[in-house]
Every structure is written in C-alpha cells, then in structure tokens.
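Please find the structures below.
What follows is a pair of complexes built around chain A, which joins chain B in one and chain C in the other.
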Partner chain A sequence: MHGGNIFVCVFLFFRLFRLFALRANFSSLSLLLLLCFSIITKNTSQNLISSYIMSLWVDKYRPIELNQCEHVNASVANHLKELVKDGDCPHLLFYGPSGSGKKSLVLALLSTIFGPGAHKTKVEQKTWKIDATSTRKIEVDLMTQSSNYHIEINPSDAGYKDRYVVQEVIKEMARSRPIDAQGNAGYKILVLTECDKLSKEAQHGLRRTMEKYSSACRLILIADSVNRVLEAVRSRCLPVRVAAPRAEDIEKVLYDIAAKEKLTLPPQLCSKVAVFAKRDLRRAILALEACRVANYPFKETQSVQTTDWELYIAQIAAEILAEQSPKRLLQVRGRIYELLVNCIPPTLIFQTLCFYLSKRLDDEMKHEVIRWAAQFEHKLQLGSKAIIHIEAFIAQFMATYKRKLISAFA
Partner chain B sequence: MPGGRRLDLRKSTLVANLKKEKQQQQRIQPKTMETSKNSKPITQTTSWPEKYHPRSCTEVVVPKKKAEVMIDFLEKQSSKTSKRPAVLFLVGPSGCGKASTFVTLAKEKCFSVLEWKPPAPSIYNENVSTTNENRFDGGDAYTSKIEDFVNFLNRSTKYNAIVSNVIGGGNKRSRGTVILIRDVPTVAQGDERGRSKFVASIEGLVSSSAKNRIPVVFSSSSDVGEGDFVSFGNESKSDGLKFVRRIIHEKLERMGAQNRQNLSEYLVEIKLNPCTKKSLEDAAKRVINLEFSSEMTKNGSFLESLPDEDDDFDGLSSIKSGMLENVENLVLECNGDVRSLMFSLQLLYARIVGDMYAKRKKNEKKNTKKRNREEARIDNADGDKERKKESSISLFHALGKFLYAKRKPSDDALESEVEITLNRARVDAAPKTVIDFLFENTPDFIDNRKIDALSQFLKHVSDADVFSCGSQRWKYGDGDQSQSLMLDRLASSVAARGCVSVQSRPPESSWRPLRAPSASRKAKEVEDSSRRLRELIWAPKLRHNKFRSRQSYYEGSFEAFVATNLPFKKIIEEGYRRNEDRIISDSLFTREDIDEMDNSLEDVEEEDIIEDVD
Partner chain C sequence: MGGEEEQMDVDHQHHAHVQAKKKEPWVDKYRPKKVSDVAYQTEVVSALEKAMETHNLPHMLFYGPPGTGKTTCALAICKQLYGPELGKKRVLELNASDERGISVVRGKIKSFASTTVGEGVPGYPCPPYKILILDEADSMTNDAQSALRRMMETYSRVTRFFILCNYVSKIIDPISSRCAKFRFKSLDGGTMHERINFIAKGENLQLAEGTLQALEHVSAGDMRKAITLLQSAASLFGPELTGDRIREVAGVIPDEKIEELLQLCVAGDSQKSQALAEDILKDGFPCLQILEQFGYYLADSDLLEDEMKAEICLKLGEVEKKLVDGADEWLQLSHCISIATIVCSTKPEK
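Then we have the complex of A and B:
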C-alpha cells in the first residue's frame, strides 16, 4: 500500500514536473504537493486504526510478571512471589470485584512459576464425551485456552452440564502428567474462571475431585463473590482477596500508561477519570482511552464519556420519577428488555437503577429503595426470570414514591 | 367502539354455528328418518333468542319503570301534533334486552318497526371489493358497513315520506313507523368520504323524522356509564354513538332548540343495567315451558322418532326437570346477558337430548330393554353433574376470568375458585405459562392510577417465579416428584391469586386484546445475543490455531466484558473513526479543491497527449 502510493506520487511528480518545466505552471506544483501530503496523512491515520485494532490499552498494559504490579495489588503480588518460590503452590481461590485485577494476577503468577512459556497459549474448542450414567452419554463443547503448563476454562459456559465438565477435565489432566527436566512428575494448573456461577452440584463435584487428584494438578479458582462459592470448596483453597483498587492507586496507573503512550495527562482529568471508574481499574483505563480519542491534547475540564447502557438506565430512572402508572411501567418494561437482550447483567441493572433513582431522593426514601432493591435482587437469584423481579422492584418504587408525593403535597 | 364490534362477531358466529349444525342435521335427516326410528331428531329450527322473543310487555326482562318510559316516548309521538324530531337513545350492556324490549313494546302499541342491523362481516367479500375494482362474477356486491347504513337510511326516509302519509291517513291499525338502529357503525378515522356521507344521512334522518313524525331509536352497547350527553368537547371523531349524538345535537340546535330544556324534549335517553337474576330466571323458565309445551303439542319429528309413547313422555319430563335444575347455574354464569342465557339453554337442551339418544341406542343394541326408568333418570342426572365438573375450559377462558376478575354477582366466590379454574384449564401444573401470560397482560387491565395494585400483583408474580424455579430444582435434583408438582401448583395459584386479589371490581367493560407473552421470545433473544457476544471474546483469540504468545486480548468474565469492555470499545472505535475523518477534513483541501484537482489532472493528460502528437 505504502509502496504503491509512493510510486504513484513519484510518477505524478515526474509528469507534472515536465509540465512545470515547460509551462512554468505554479499552481500545478502546489496541487501536486498537497496531493502527496494527503496520501501520506491518510496512511498514518490508517496505521493508527490498525494499531488500535491490535489491542486496547487495558489489554496492552496488563502486567505480565508479578514484578510489574507496582501500584495495584503490590503486596498481594509479593506474597504470591514468596508462595511459589519453590515452584509449587496450593489450590488458590482469587476473589474480588470485577476490574480489581484477579485474572492479571493469575496470569502473572503462571509466568512466574513456569516462565514465559506459560504465555504461549492455544485456543481451541474441545468436545468431551462423558458417561453421565451407564446408559446416557453427554457431549459438551467448551472453549479452552491452554499452554503446556495450564488449562483455562470457564465451566459455567456449559450451563447445567457444568458438573460433568469439571470432573472430566481434571481426570484428563491427571492422566497426562507432565514430567520436568529432572524426570520428576510435575503438575498442571487448571484455571477455572467465573467459579461463583457454577451450580451447587458442580461445586460438590469439584470438591471431591480436588482431593482425589491433588497430586497431579493444582486448581486456581477465580470468583467475583466468595459468598457463592461453597464453604467446602473454600476451605480446600488458599483464599486470595484481591481488593478493588483505591482511587489514588488508579491515578498512579493512569499516569503510568499516559507516560508510556507519551501523553501529558492533566492531574484534574486524571482524578476525574479515577472517580468515574468507581474503583474498577478496567473501567478507568478504558475511560482514559475514550478521553484520548475524544479530545487530545487533553483539556482539564473535559468530560468523561460514560457507557451507553448507563445513560439508558439514567433515562429510565428519569422516566420512572416523572410518572408512576401502569402505562409507564409497560414502557419501562420494553426498555428493560432491551437492556437484557444486550446481556447487561440483571444485578448490574439493579445497582445502576438504584443509584440513579436515589440521586433525587431524601434519606428516608433512599433507605427504603435500597431495601426493596436488595429484596428483589435476592429473589432474582432464586428465580429464573430477571424481568419479573426488576419490574416488581420498579413497581414497588413507583407505588412508594407516589404515596410519598401525594402525602407531601396533600 | 371495539366492544361493539366484538359483540357483533359473537352474535353472528353463534348464530352461524347453530345454523350450520341444523343444516347438517337436515342433510342427514332424510336418510336416517327412513332407515331408523331412533335417529337423532331435528331439535331446533331457529335460535332460541329469536324463537322465544318476548311477545308482550309482561315477558320483557327490562324493569317496568324503564319500559314505561319507552311506552311514554311512543305515545307522545303518536299524539303529538307539532312537527318535531324525536330521538331515543337506548344504552346498556349487550344482551340486556334493549332492542327486544323496544320492538315488543312498539308492536304492542301498533307501530311498525324498520330495523337496521349491522351486516355480518364477510371477509372474503371485503377482500374481493378492495382488491378487484371491477367484478366480473355475479356474486353479492360488497358494501361496507357505512355504505350499507347510509343506503338503509336513505331508503327508509324516502319510503316513509310516502307511506306514513298514506297510512297515517287511511289505515287506523298502524299508528306510525319507528326506525330502530342497532349498533351504529363506526366511522374509520381517515375515511372522510364515508364520514361526510354518514353525517349527511343522519342529518337527513333527523329532519325527515321531524317532517314525518317518525321517531328514531338508537340502540348501542357502548359507553356505559357515560355522563352528561351534552358534554362532548373532546371526543374522538370516530366514536360511533357519541359521534351520532353530536351530529344530532348540532342539527337540533340549528333547527331551533335553544336550551337544554328544549333539547330534552326531543332527545330521550334510557340507560339499562344488566338484567336482574330474578327476571332472567323467569325468562328462562318461560322459555323452557314454552319449548316443552310446543314439543308436546307439535307432535313433530321428535315424538314420532321415539320408540314408545310412555317412555318418551317420561324422557321429556326428565329433560325438562334437568334443565330447570340447571337454570340457576346458567343464570349465574351469563352475567346478566339474556342472549347468552338463551344460547346456553339451547345448547344444554341439544346436549341432553343428544345424550339421551346415544344412550338409548346403546341400550337397544345390548337388548337391555328391561332397564328401569328410574335408574335411567338417575344415570342421566349423574352424567350431567359429571359433565359439568369435568368440562375443561381453554387457557384463555381462565385468563379472562382472572384478568377481568369476573365475580358472581352476589358473592366473592372467585377467590375460592382460583385453583379450580386453573385445574379446569389444565395449567395448574404449568406455572410458567400462567406467570408469563399474567405478567404480560395484567398491566393493561389495571386502572392507570393504581400503581399500588400493580406493584402488589408483581410482588406476587415475583414470588411465583421463585416457587416455580424451586420446583425445577426439585425436578432435576434428587428430589421427590410430588414436591415439585406441589411447588408448581403453588406457583401458578400464587400468580393467579395475585392477579385476582388486586382487582377489587371488574375493569370497565371495554375489550382489550390479549397479548401472547414475550418472555420466552425475549429469553431466546438473550440467549442468541449472549452466544454472539461470547464469540466476540473468542474470535480474535481463535485466529491463531497454534501456540502463540498470549497477545493482549481480553481476559476476564463475560459480564465485565459486556458491561465495561464492549461499550467503551464502541466509544473508542468511534473516536478513532472521527479522528480519521478530521485528519482528512483538516488537511488544506476543501471539496472544491479536490474536484478542481481532478479536472486539472485530466487537462494535463489531454495536453500531454496533444504534445506527444506534436
């Protein structure tokens, strides 16, 4: 592409130069220079995009080694380094809110144990044939990402078949034990992500297999909330709490990234992004990049762009506060469906809606709203249809709010 | 006027069904009459509402006072000398006997009645007339309801101008003519031509009514409980009866009625309530008595076809007593609708007679003639009870019961019947269906001011969902089947009770369409999009099939990907695209420059060629 353009430029240049020499046509020359300029600038912008498609900053600046965890989770990283000094480790359970750096820590830990080879991975879709009972066979398709030393799977993708997957994968790993350079039987690491989404049966299955094959493999479990992991499983792992980063730590990370990208980041904007991120590092870095593409050089007063679904929920909240009637509720139902179809997690809808609703309420009412939200969110976990529980919450809010309004003005 | 239209359909379909049945019977009849004496007889010739139309003012179901007002109206017309228009509005729920009463009274007072009924809708004809401009076949020409109506009015007014003069002078027997219009047709919103025609014909009707002293009666089932008829400030144009009112009102004003006092002399309005239990029971008994007495005296096919006289007589009386027993239940179920009461009586009659014949045939085949009559009668009665209990209803019927919160007039019996209704609709063990349907449709049925009621209902549904999910766990876990069934029942009953309990009284009697639940459809959409989004995570990683250094791809949970990564990625991508556009637009060019540049390049080429030639 580049070469072709240059060729065209040179060719045109010669054609026009002849003209210029013959007719002394100055305007032609200026046009030619502009043309060349435009082709070059276009190229650079394309490069810009292709470089972006490679990765977002949030993926690009992920720590690869435990040593690289400087600002966030530094102490956890140090402890982990000490833990795996001998080349072995117990079962681990990483837990913490999303965007706190659990997965990054796990990946860094793997490379610390096994060296850079742990980063050489292959992604494939595996099919397991499992004898569920003596008569029935089950086939399960699951995406796995594996290196020579470990396998990563997300068993909750398998839905209700998750319990078979967990046991089968571990059995298979135990069958093919790696042998290290000295001829000692080594072990493989199984990384199970989104463990809190596993069914109870699967977790019980996990507990039995963990004991049986503990010589052949180590488990690293990753969960958002430790409450949804069985007590029995918890007690068999070394729990590692990965706390959500504080705003100051996030700021440090942001300055770091800005320096690596050779950008000047005004402190005001930096703290603004850090506050906006709500202690979620992923959100912070993505927001920073969004700021970068929106406006560079940065302005101190620049606003941080928020996600579309959050704006959507804010709008829903405004609609709820404007009118409380069954008709309005039906409209809101359509909007909630829209969110659910886009796979926004219902719990997050509850949280965000609660946040935007309580912005305009007094303390007494806020307390009530949060109580209702908690109650219906609990029912949501027990039930199966998210829309019913979200709508029940909204209707409850509408009824309470309307009663409040009437009593206030009457 | 959606209510009106629905009722039209119901009437016409019911009648059509009955007629069809009759035709089939007739077709079979000639053969079977010859071959066997025990063939099923023709039991009906006309539908009962028509057959047992009231004949005198004593048989009318409408309360006496209201009937008297009607008579008063008629008397006034005949005695009045001044040329004034007279219009009567009869308003009330369907089947309360508006038109029937009026026709009966008019006949009694020697008025002849010209009636307009909406034609039964025929979709095929409508299709033909809208698709084919010119018809070649000689089939029935289709006319829209409005056209039909206008034609009728024109015909009647023209005709009456002559006839009433002639008859009014010569014949003493008829005291005049009355025009009765049942169910004013609805004018479509956009149909301006039809509308102007409609207005003109109504106005013509009023003026001719004044000229010829022909009273006009409008009977309609819509706008029950509508207030003062003079207040029509913000009605929608298409609302049938209200629209007619306005036209007439304006016309009357033009004709000289100055104030309301005056107006009320021309316009009479009678509001009717649903029939009382007592009057319905009386009517039902009257009809049953009439039916059996006519059977006895007619000595028709029914009696002939029976094997021996004695047995038959007993059979008839047993049918009669069986029907009389059922009257009370039927009256309760018809919600004050005489027409539906008559239809259900007729159906019951047909069923009992049919069953009896089937039984008798069986008995003869088995040659068990010795069977005791007593026994037979008890059997029959038992069968009746069984049937009534077993009769299943459709899901929609059950939903209608909950959504409209139909209660029997006297007590709140519905609450105790929720489970029975669910059982009869065979959905008591399918809570998902019940929950989905009720969740989808209940908000439509709750008054727009009552958000509290809706929130109560949704709370119940939320609980029901938890129960039904619990039952799923029992079913797929190691649990007991009976436990899961009980939870299922519990779930559907909680949902249905939630719906019933928040509706203290039935919603206003307008018809709302029932929507199919969108929940399952949406669940599928969620599944699809979740699969698509998951592929988005894996697709860039899958591009390399060999062991590759872990490049900076997304790592983390699916939820975080959807909620954080994806939306920001969209923003960032858009930003880059915008920047790219800006880079191009910021360069020193304008659109004109580029065009000029293109042109000049072409010039260069041409000049070049010329040079080369030189």
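Then we have the complex of A and C:
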C-alpha cells in the first residue's frame, strides 16, 4: 500500500470512528474496520464515505445523471434513459465485472427516475425481527443505505439468514407504499448488491416476492457473475450487461478527472495507468489518485504503485519459484496466513498467485499452473478452510515444478 | 369543480389502467385462452379435447421442456371448465416459489383436496371436482411427493391433480403411474415465427430481417423465453428490433469472437487465446455462456478431429459442473482454454 493512500484511509477511519464512537458498539466498529479495508482492496463504491466528509476521486467523479455517462457505458445509459422515460421501470439485473460501472449506472438511474433526492442518502444499522416459524424468532442486523425513494442493502452480509432479510425488506417496503402523487413514482426501489452471493434459498424466496409485490417495489439486482443468479430470477428481470471499459475509454475518463482537478497528466503516465487498471475503472482512478499523492507534478516515468497485497503475492510467487522444499512451503504458509487474516479473498489470492507464477514460466508449465489452480479453487468453494486448499495448490505446484526441473537437467 | 375532480379521477384510473396493461408481461397477455389454441402440441391437444368432452378428466401429468405450453394447457382447461369466477374457488395453483414441503402437502393441499365442491355456475360445464395444479413439480422433495400418493386416491372423487414438470424421471413412480401422461415437445421454428409475428403485430413492433431467426436460435424452442426476450428488447430499445438487439438482450456473444477463440486454440497460440477469453469475460459475458457457445461451435467446426472434439467437450462438462459449484470464472475459463490448446497442439498422427 502506498503511504499517501494509507494516510487517506487512516484519516477517513478516524473521522468515521469519531462519528460512530457515540453509539459505539462492537459490530459497527468491526464493520468500520472492514469498510476501511474494503477501500484498500477493492470496493470504495460506498457513498457512505462521500456523504460524510471527504471523498476519493472515485466517488467525487461518479456520474450523477445518466446524461453524464459520456465515455463509459454511454449506449447502456441511453437505453436506460429510454426505458424509464415515462417514469416506470421493470425489475432490472445489472451484471458485469467489477469496476465496470454497474453501481454508478444504478445510482444515476435512480436520480433520473426520482430526481436529485435519490442522492440524499442516510446510512442506518437496522434490525429486523422476523418470524421464521411460528415458534422461532430471529433477529438480523444489517447496514442499509436509503433515501426517500430507495433502499440499498447487501443481503449477503446476513449470511445464512439472507433469505428472511430479502423477503422481510420487500414486504416492509410494500407496506409503506408511497402515495402515487405528483413527482412520486408510486413505488420504491430496492437495490440488492452482490446478489450472486445470495444463497439458493434466498433467491428462490425472491422469485415469488418479486411478482407479488411488484406494484409497490421494484428490484434492481447487481451481480458480478450472472451464472450464480438463478435462471428463474433472471427471467423475471430485464438483464443489463455492463461491459468493462476499454483502455481508451479509461484514458478519456482519467484526462477528464485530471482536467477537473486542474492537473496536467502526461499521456505516457495516463496510458500506463490505463493498462495497469486491467479494464477496471475503479482501479484506474484509485491508481491515479495514488500517483497524485505520491508525486506531483507528474513525471512521465513515474511508476504506478501496485497495491501492497499484490506485491506481497508477487513476492510469494518469487519465493515459490526460487526454492521448492518443505521448509519453503512452511515459510510461504505463514505468508498466506498473513494475507488471509487481512481479509484478502482466497479466490483473489489464487488468481493473483496464478498470474504471477505463470508470468515467469513457459507454456507447458503455464497449463499446469492453471490446471491446478482451477482444481484447487473449485475444491475451496466446496470446502471451508481456505488455507488448506491454497497450501495444497502451492505444494502441488512445487512438486510438479521440481520434477520438471530435475528431468530438464538430468 | 366536482365534475373536474371526477374527470381527473377517471383520468387517473384510466392512467393506472393503461400502466397496468403496459406492465403486464406479454407471456401472460398472449397466453392462449383455449386448449385448442395451444400451438404445435397437436397430439396432446386432440387427446385433451376428447377427454374434456366427457367432462371427466383423469389425474394428469404434463412433462416437457420449458416454454412448450404445459402451464398454458392446465390453465386453459380450468378456464374452459369453470369460467373465470368459479375458477378462483375450484382451482389451486402451486408452483415452485410457494412453500411445498411435506408440511404443506399435509396441511394446505390436503385441506384443499378434501373439501367437497359447491354449486356450479351456468354457462360452463363445471364438473363436480376441483383441480389442483402442481407446477414445476420436479422441484418437490421425494417425501412431499410420497405424501401425495395416498391423497390422490382418497380424494380423487372431488379433486383432480395436474402435475407439471420438466423431467418425468424426477417424479416418483407411484405418482406417475396414477396419472395420464402427456409429453409436450419442443416448438419448431415455423410455429414460433407465427406466434412472434402475431405478438409483434399486436404490440406495433417492427422486426427487421433476421430477428425471428435470432429469437428462434437463442430460445431453442422455448416459447416463453422468446416472448420474454422480445419484450425486454422492446422495452430497452424501442419498437424497432433487429437480430443483434435480441442477441444483446439475451447476452449472447457475437459469433465472430467465439470463432476467433476456436481458431486461436487450433493454432496453438495459448497467449492470444487466453487474452481473448479474458477479454470476452471482461465484456461482461457470463462464463457459462462462453462455454456453451464454444461447445456449440466446436461441434460444428471442421478444424478438429472428432476425437479431439470429444476430449474438449469432456472438459467443458467438467468445468460447467465446477462453475455451478461456484468456482471462479476466470480460472475455470483459462483452464478450459488451456486444455483446448493442448489438445489441438497434440494432433494425432495419421
């Protein structure tokens, strides 16, 4: 992690901490920690931060209206505008890789339907009391972000109770249906993020609720991978594919931001950042901001700082390639643990490790790396202890690699 | 003043009515109302019509692929027998989104099945039994199904069961042996074109050349899917539709990309093929879709020997299973492409 960016995070953390300290309970604290961490890793998309004090560029320059989507997703935005022009919208399902602008499109869509009021959001820690069966009551705590017109939740935070949450929220929204008056659409919108992480039961529960309450409540589902959304749910929504922006488009956005921040951005650096971003706009903007903090005026030769966990994984990969022995495996294990306790998702570790390993290998070994990574990552999904599977992958790779080295020199 | 208000009220109602009309899914709007209107299932329709003449229906089991008219047939029979009013009392429809565990079978279904019927209404045949429709019955547990078997016999005098499912093999034997079975077959292109044209006319859509073919291709005989796609495309793109727009809504990858991917694999260029695969993934296409289209193309391609095709297809199947388990898309796709490249580069010698 870069020094400047850490500073930003720490600063944010303390401001937020003071805000929350008044009603400090441990769950909100731990949530905060997680939140700050999500900034470091990937997800800064929470408006949460922007609505409080200061904002990262990612939030500051998020398009507010569909009209403002110029360089990225322009055609999708136009179609959406067409779709909601008479104030009505069907259930929608946005899907696409992370950093492609799904959330931005949704927020812009909301303000197109409801006007600027949709951006006045408040964050709440809500508790739902739900009758699971006639004898058992369960309580679910969940962070919601809502305006007068919409509620946004990430139901997968509720773990195995997600199914109750989804249904309860929709029912509650249906009960307090807004009056169909001037300037009011007569329905509210429920935004469910990461709905591909919803359990099967929750998704099954959704399908009926979606139909039953569709007059009072429209759903906008956001998913990274549409595979994990049930066909039955998918067929009830209008699917909107959001493609990740290409490097050219990212460059345009970066120039725009630089102009608004009154910075001069040399083209070489710009294209370097765009390539570094791997078609992820969020990554690109964060990287640009990190560059700004590190060094301004920009130099053309300035390097783009990789995030610290990525460097860490690159190091692990180098260590694995340098020596293949039980002793080294043990060392690497400690490092993997370090990553896991810092909440780096195991799948991401697999991907990054795979990327850095295969960078230095010939074609034949590349196939092997991918093969084993795919196999052990799959097992990881079936199992529960991430460390075992990652370690198994590394051990397998070491064995295969060593064997190959020996046969090459023998 | 009063008049004005009234006028406004009427306007408002009219507005609401129009909105409700507009929102209604076309699948429901254009659902055939009579059994005889159900397209393409000629054998089933003629058998059903004969049975309906006698007003005495057996328990029935409809099975076949999705979107072929099973639910439509069941609903149409109910409508024709009871009319709209009595239908509400005499028919209970449960589908997979309703809770249908064993407790529901013992409670709700039993209480519905065991009550005797009331008076009929004039103008409709109104035979003296009720109808219970169990839609998507293959998602019921075996226990729940077993709980049904005795019920079907005990209450057969007052209740007929219509069981609808995709796979007859998922219905336990004792149930299927108690029913008259009807198989619904996948729709052919002609029937589908006719129906789509009819809907397009009703909704004032202009279908460009190739739209029908695209719909037929993408939906693969599933009428409901075709109509839903048509409606989605119309609400997203407006009334002028083309094949490309249909494909866009369906999330189908352009054929050229898949072809290029296959060619790169055959050429043995693992770097480029991996890059292209990742590119398609980044464009937001789901991995399963890529694999499906890849497999489809592969089967038709003459670039490869049959044995090689078989080997790759085996891998595709394996990977599909892993994806369903929730494995990472990028890793699995890379794996698949790498296998394809390996298989292609080790060409068997003749």
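Assume the second predicted complex is superposed on the first by the 353 of 410 C-alpha atoms of A that agree within 3 Å, B and C clash if a C-alpha of one lies under 4 Å from a C-alpha of the other, contacts with A are read in each partner's own complex, and residues count from 1 in each chain.
Note that a contact is a pair of C-beta atoms (placed from the backbone, for glycine too) under 8 Å apart; a residue touches a chain by one contact, two chains touch by 3 or more.
Keep in mind the model is a prediction, meaning the values are calculated, not measured.
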item: Partner chain in contact with A:E82 - chain B first, chain C second, else both or neither; value: second
item: Touched partner set for A:L382, first chain B, second chain C, both or neither; value: both
item: Partner chain in contact with A:K122 - chain B first, chain C second, else both or neither; value: first
item: Contacts of A:C354 with chain B and chain C, given as first, second, both or neither; value: second
item: Chain A residues touched - chain C or chain B, whichever exceeds; value: B
item: First (chain B), second (chain C), both or neither touched by A:Q145; value: first
item: Overlapping contact positions on chain A, where the chain C interface meets the chain B interface; value: 382
item: Chain B partner contacts - residues on chain A that touch it in the complex; value: 15-16, 19, 27-28, 31, 34-35, 37-38, 41-42, 44-46, 48-49, 52, 54-56, 58-60, 62, 98-99, 103-104, 107, 116, 119-124, 143, 145, 147-148, 154, 157, 160, 193-194, 201, 224, 280, 282-283, 286-287, 289-290, 292-294, 305, 307-309, 324-327, 329-330, 333, 337, 340-345, 348, 376, 379, 382-385, 387-389, 391-392, 395-396, 398-399, 402-403
item: Parts of chain C lying in touch with chain A, wherever the complex brings them together; value: 16, 19, 22-23, 96-98, 224-225, 228, 232, 235-238, 248-249, 251, 270-271, 281-288, 319, 322-332, 334-335, 338-339, 341-342
item: Footprint of chain A on chain B - complex, ascending; value: 435, 439, 443-444, 446-452, 454-455, 458-459, 461-463, 465-466, 468-470, 472, 476-477, 518-519, 522-523, 525-526, 529-530, 533-534, 538, 541-542, 544-560, 562-565, 567-580, 583-584, 587-589, 593, 597, 600, 604, 607-608
item: Of chain A, residues touching chain C in the complex; value: 79, 82-83, 88, 90, 95-97, 100, 180, 204-205, 207-208, 211, 214, 225-228, 232, 235, 238-244, 278-279, 347, 350-351, 354, 363, 366-367, 370-371, 373-375, 377-378, 381-382
